[in-house]
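Chain lettering (A, B and C) follows the sequence in which the chains are written, and residue indices restart at 1 in each chain.
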Amino acid sequence: MNFTAKMIADFLKGELVGNPDTVVTEVSKIEEGKAGTLSFLANPKYEKYLYTTASSIVLINRDLSVNGTVKPTLIKVDDAYKAFASLLELYASNLPQKSGTEQPSYIHSSAVVGSGCYIGAFAYVGEQAVIGHKVKIYPHTYVGDGVKIGDNTILYPGVKIYQGCAVGANCIIHAGSVIGSDGFGFAQGEDMGFKKIPQLGIVIVEDDVEIGSNVSIDRATMGATLIGKGTKIDNLVQIAHNVEIGHNTVIISQAGVAGSTKIGKNCVIAAQAGLVGHIKIGDNVIIGAQSGVSNNIEENRVCLGSPAIDAGIQKKALVVFKKLPDIYRKIGEFERYIKDHAENERKK
Amino acid sequence: MNFTAKMIADFLKGELVGNPDTVVTEVSKIEEGKAGTLSFLANPKYEKYLYTTASSIVLINRDLSVNGTVKPTLIKVDDAYKAFASLLELYASNLPQKSGTEQPSYIHSSAVVGSGCYIGAFAYVGEQAVIGHKVKIYPHTYVGDGVKIGDNTILYPGVKIYQGCAVGANCIIHAGSVIGSDGFGFAQGEDMGFKKIPQLGIVIVEDDVEIGSNVSIDRATMGATLIGKGTKIDNLVQIAHNVEIGHNTVIISQAGVAGSTKIGKNCVIAAQAGLVGHIKIGDNVIIGAQSGVSNNIEENRVCLGSPAIDAGIQKKALVVFKKLPDIYRKIGEFERYIKDHAENERKK
Amino acid sequence: MNFTAKMIADFLKGELVGNPDTVVTEVSKIEEGKAGTLSFLANPKYEKYLYTTASSIVLINRDLSVNGTVKPTLIKVDDAYKAFASLLELYASNLPQKSGTEQPSYIHSSAVVGSGCYIGAFAYVGEQAVIGHKVKIYPHTYVGDGVKIGDNTILYPGVKIYQGCAVGANCIIHAGSVIGSDGFGFAQGEDMGFKKIPQLGIVIVEDDVEIGSNVSIDRATMGATLIGKGTKIDNLVQIAHNVEIGHNTVIISQAGVAGSTKIGKNCVIAAQAGLVGHIKIGDNVIIGAQSGVSNNIEENRVCLGSPAIDAGIQKKALVVFKKLPDIYRKIGEFERYIKDHAENERKK
């Protein structure tokens, strides 16, 4: 990129303080700024860097009172973090985009591929697959038979989508993620051996979903495992068969959701949490990191711990937990006190 | 599929109630039934759907007493769930099967490939590899030098099997799983740097094993990491070097087993559990979700918690755990009581 | 391999007891020894096997006093385990090494590839990528545009390195690992929907790093996610955006580190532990398995538990935890005692 302070201030509708011709070519954190970089200051804890940074331009909140000498050109905006994010987005949208079809790739003759797509070398598009417009299918990606991919979706290298699954528009799936592997379903026989229950359903990923790297989402036994519109899933997450997740829910790294569990909209499942199967989590629920959820949770609740309970109660119990050796010692003292006392009473 | 009620009843040796010519073309859950689908009713909780479902045929248990008007054709069998599973299996076995060799694929001239195999585009079969009959090797799968794969085994897209490892017959390995990566073995030098211990062993996966997606199973330092016959491993599981797992054991998603640990047969290691290295777990042991096991466990035990203890003791302790703030308050009261009392005694 | 006892003793500068012409062709554990194998005895617990093993040669510690009849040829060294490791290394370095370029592979015309490299079939090397000398890029590996790979580094099958990232010399990255996927960064709008924060940074992996299979390391929002020289990362580990890890730190399987957290040198993060974002872990810190770390930790500390506290305190509390039902019962007794006592006092 190569922008002047004036161009940025105009784009952000911000107030410019300093030289309008200052040029920046990249972005940096304010504490790592150097000549030619653009930074932002949103967190007051970082204000000190405003007076020492070598960044050429800094975005600041309009209501910040500057208490010192500032070298960079400043652009004052309502929300420096959001303004910066929108600049990053503008910048990212101007980066060179992959397009065209690299060779060798494998596109079945019955597959339909929209216009403006990128098909990387060694990508595989199966029989009757339907790929939308402006889709990016990176190298080593597997799009199975009958899979549907919506417009503008990006499948990074090595994504594997099993036959029959559907991914919506404007989705991003990162490298190594697997969509549609068999659900973990077996019937145990009298000889203790297991018989596989065929998994005949699919996975449906709705629009605007982002899925991190090395995620596993299993196909339903029947029907569909469902990832709702706008939901964001981090790396190494496990979603079992027949799980249904609502809109705009966030599932953070290494969390796992067991079979047939239903999660509402606008929830946050924090890192390394686990949910058992066949439960229902209401809307707007927050589940803390490393929690183990084994029961339904009603909407708007915050839960924590393994087993997960109300976060407030859990936190209070954890404070006392550390004092257990002390409690145990005191209990011994009470026992002795009561014993001595009873003896004294008896003697009287 | 396209089956009549009569065909299904004959196959299942069930009793037909209703129109023998009723045709079904797919399966559905009873609560999501529609015309042309086949459902089953096994769990009494779902009985109400029997009287409202739009499914065309429903399998029910022979001993169910029907208390209402039922529209679908019924087929009465001893065990509706198992009967349904066997129908799914019949159905699945009739789905079109992949076969032949897609191009480009890479099969080393010294590799041996059995008859009736499917070799997907971009599949790699290394030097001296030996592939059995009717094996399916999906696109982007890597079968390293000297690897042996038994008959009827399915390797889904992107499976990676390092050199020298062996996979038995009738196995299924899902996308992205890695068999035979180096065990995590290092010797620390005086400079705090680590020297790699070469991992010269292999992984042996016996017959009838299913391995989920994105699983990691490390090769042994010497000898073999062993996955016993009939064992089922879910997604994102970690199996370290020199682990040995018995027959028909189940390891659920995101669980991890550290180096050289031995697990018996018919065990269940639930989701997100972790086992330290160099311990021994007896046969028929159940380890609860998110447990942390740091000691040997004798056969037939049920363990829970981190650190894992007897599940009954753990559950009782967890009930009290929530009351810790209350306990702590009461302890304070006792202390005050004893202090006051002692003072009163002194005053007397 | 095919070595005589004399050759091995000379290489190790060890003392030979027995037939110098004894030949070994492979290595084995002492308890699984057979004719023609070389074993070692380091752990005194295994001494009994010295008198029963069928191994042809056994390395022992010079200070071991042999108390029985020994059949194998012995080689006495200062440290049998280290000596054995160095033999493994010698052996491994003599195994046949992959070299040359298999077809079809994809190397962009603008990429630079050093001498003595192995480029497997279906490997992808992007625009402006720079590959050092003697690098091994196994099949299905993706080296994105502008990626730099140092000399002697091994990328096992299916590794995915996103554009712009850098991997140092003498590194090993195992199958399925993803370097440089987008950090998990979103800004929530008033409609509860999420807007992606573009992730414009990279990942830098320094020299001598080993990364296990199916690991996810996210690129920085700005700047770089950094894996320090000599650090070893096990399978299925999650490293979020802008994390920085010092030299010679060990992160064991299925652990996760959230965004912007900084970890010092010579630390051990044990299996399935989780660290929240934006914290600082000092040098030489040990974090126990399944711990959940939510605060800064000063150097040289050992922490355990979720939430993680000093390991000594945690262990003492855990001992008492099991006794909670007992404690609760006693508290009930005290309450009754005090109540009865107060009543008696009142009656007096």
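By our rule, a residue touches a chain if its C-beta (ideal position, glycine included) is under 8 Å from a C-beta of that chain, and two chains touch if they have at least 3 such contacts.
Here the structure is a predicted model, which is why all the values come from computation and not from measurement.
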| item | value |
| --- | --- |
| Angle of rotation relating subunit A to subunit B [CA atoms, steps of 5 degrees] | 120 |
| Subunit C against subunit B, contact positions shared by both copies (same if over half, else different) | different |
| Computed distance of Cα centres, subunit C from subunit B, in Å | 25 |
| Where subunit A touches two or more other chains at once, by residue number | 104, 122, 140, 158, 176, 214, 236, 254, 272, 290, 306, 321, 323, 327, 331, 334 |
| Footprint of subunit B on subunit A - complex, ascending | 104, 106, 122, 124, 140, 142, 144, 158, 160, 162, 176-178, 181-182, 184, 186-187, 192-198, 200, 214-216, 218, 222-223, 236, 238, 240, 254, 256, 258, 272, 274, 276, 290, 292, 306-307, 309, 313, 316-317, 319-321, 323, 327, 330-331, 334, 337 |
| In the complex, subunit B residues that touch subunit A | 27-29, 32, 81-82, 85, 88-89, 91-92, 102, 104, 120-122, 138-140, 156-158, 172, 174-176, 208, 210, 212-214, 230, 232, 234-236, 247-248, 250, 252-254, 265-266, 271-272, 289-290, 306, 318, 321-325, 327-328, 331, 334-335, 338 |
